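Quick notes on the structure that follows.
A, B, C and D are the chain letters, set down in written order, and residue numbers restart from 1 in every chain.
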Amino acid sequence: MDPHWQRRVRESFLRQGLMQHLGAELVAVRAGECEIRVRYREELTQQHGYFHAGVTSAIADSASGYAAYSQMPPDHSVLTVEYKINLVAPAAGDMLIARARVVRSGKTLKVCAADVFAVKDGAENLCATSLSTIMAMAGKSDAPSSTEGASAQR
Amino acid sequence: MDPHWQRRVRESFLRQGLMQHLGAELVAVRAGECEIRVRYREELTQQHGYFHAGVTSAIADSASGYAAYSQMPPDHSVLTVEYKINLVAPAAGDMLIARARVVRSGKTLKVCAADVFAVKDGAENLCATSLSTIMAMAGKSDAPSSTEGASAQR
Amino acid sequence: MDPHWQRRVRESFLRQGLMQHLGAELVAVRAGECEIRVRYREELTQQHGYFHAGVTSAIADSASGYAAYSQMPPDHSVLTVEYKINLVAPAAGDMLIARARVVRSGKTLKVCAADVFAVKDGAENLCATSLSTIMAMAGKSDAPSSTEGASAQR
Amino acid sequence: MDPHWQRRVRESFLRQGLMQHLGAELVAVRAGECEIRVRYREELTQQHGYFHAGVTSAIADSASGYAAYSQMPPDHSVLTVEYKINLVAPAAGDMLIARARVVRSGKTLKVCAADVFAVKDGAENLCATSLSTIMAMAGKSDAPSSTEGASAQR
């Protein structure tokens, strides 16, 4: 296994422009597990003033992807194939925390589960739960090549 | 039916802080259909420089919600129960467009399908497809009450 | 709460023609939890000789529905709105066991998670995991009315 | 491409013990498309006398798998990674028909959509819609080896 996987995960997270734009932080990464949180801001809301499902989903997806990525060799890249998320309660609170874990780790495909909690007055309430399929792409760098970067922007 | 549903949808969209923060625009809303687009910015990327799945999902979710909301009476509010999304190709391009439609319109629950296209050099490529369950909440305003607004922020 | 909910669940299970046809048994039902198992037969296979995903899904769905139904009042009926299932390993073994639990119990909608295990040489191996949305239908009997029964068959 | 893919699909279908046990028929298979139907019997019901979601799901899953398999080389085997299904109306009628099509055909993963219709008094009513991820397994026979067959039964 790759001894530098924690650094790889942290560097990849910092390259995700969306995570910075949402103000999300990578709280913890362990083998097969990842935790991401984001504080409340008006820029993150849906029409009632709660966190938008897009924010809940974005941190659940990144946490699931990095939980899976932590178990991949260094020359692999991580790709979300699909996910399903149930929004079980309004995401109302000061902060959202997504906790993801690998449920089944195949060579090519990994299945992850994530729970998202809304923190309000210090108490955590489950507001969403997801199930994801993540793919390991062998021989593809996790960073954009200069060519790829240009083409991605186009 | 409500003769003002188009205005209701547009006003609700403008209250979604996240849609403004992502730079998303409500392109079109018809009975049972909705289209939302967002232009490429570095703030919206994942680690390879493509649009992050969180952006793809956020506009697919809002488009699905508003497609459903267009068929609800004025004193109802819209809530995403759950969705599943397949990310079928890299979201690489200048712009993403989400097009959602109501597949089945029950009184309480509506099922919506959405396709998301990445526009590159003028061509649209399918990059994601989703299936959502949306709930109509009778007697709940679509806007936050002053009490709710405060509690949402807390 | 209904003191007779265990009997209600068992009677409803016995009315499911498919569960009998597959040879499935209701092993246990507790408040918010349900366990169903089915023994291997050639009639239940896919092309490689493993249990077909349709069997895995059917017992995961019935177990999820009855976990939810156990928490409903007696004049309510149970309906699966949707589910997603990941088939994480070949369902190879003598027996399949589905264990479902209610993750979130709303008045109208309940969210359930189920795991399905293949039992082989006495060991249980996770072969599938699902996430379901279940609806409580107030004022609708769980049994077919004579009219309904006729119309269902037509 | 394989000139014998239609025969491959039909032979594989006949090896699925469950399809025979349910009385399901392979109606049509075209490149990237498949249709399966099943007639009403009491053995296929849920508690209200409608078709059980397990039947609806089983034919949607097999139709999706064979739509995908029709686009695979002859030395490949087909595997359902996951699917999500919305049960949008009671499956009440004389017959169920599942129609599946490949939405996106990657080399390793294919994404399929399926609609299931209940036929009643000659009219087709949409009762379910699904979205599936299907995997092509290179170098794995679609038929059980004698060893595999034995191990599957154990």
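In this section, contacts are C-beta pairs under 8 Å (C-beta built on N, C-alpha and C of every residue); 3 or more make two chains touch, one makes a residue touch a chain.
Fair warning: this is a prediction, and the values are worked out from it, not measured in the lab.
Undergrad: Copies subunit A, subunit B: same or different interface, half of numbers shared as the threshold?
TA: same
Undergrad: Counting C-beta pairs in contact, which chain pair has more, A-D or A-C?
TA: Per the contact counts, A-C leads.
Undergrad: Could you give the separation in Å between the centres of subunit A and subunit C, each centre being the mean of its C-alpha atoms?
TA: 31
Undergrad: Distance between subunit A and subunit B based on Cα centroids, please, to the nearest Å.
TA: Computed value for the inter-centroid distance: 20 Å.
Undergrad: Note the residues in subunit C that touch 2 or more other chains, in rising order.
TA: Those would be 81-82, 84, 86, 111, 133.
Undergrad: Which subunit A residues qualify as touching subunit B in the complex?
TA: So the residues of subunit A touching subunit B come out as 12-13, 15-22, 40-50, 52-55, 57-59, 61-62, 77, 79-87, 90, 92-94, 120-121, 142-144, 148-149, 151-154.
Undergrad: Could you pull out which subunit B residues touch subunit C in their complex?
TA: My answer: residues 81-82, 84, 108-109, 111, 133, 135.
Undergrad: Mind pulling up the subunit D residues that touch subunit B in the complex?
TA: Of all residues in subunit D, those touching subunit B are 84, 86, 88-89, 103-104, 106, 111, 113, 126, 129-131, 133.
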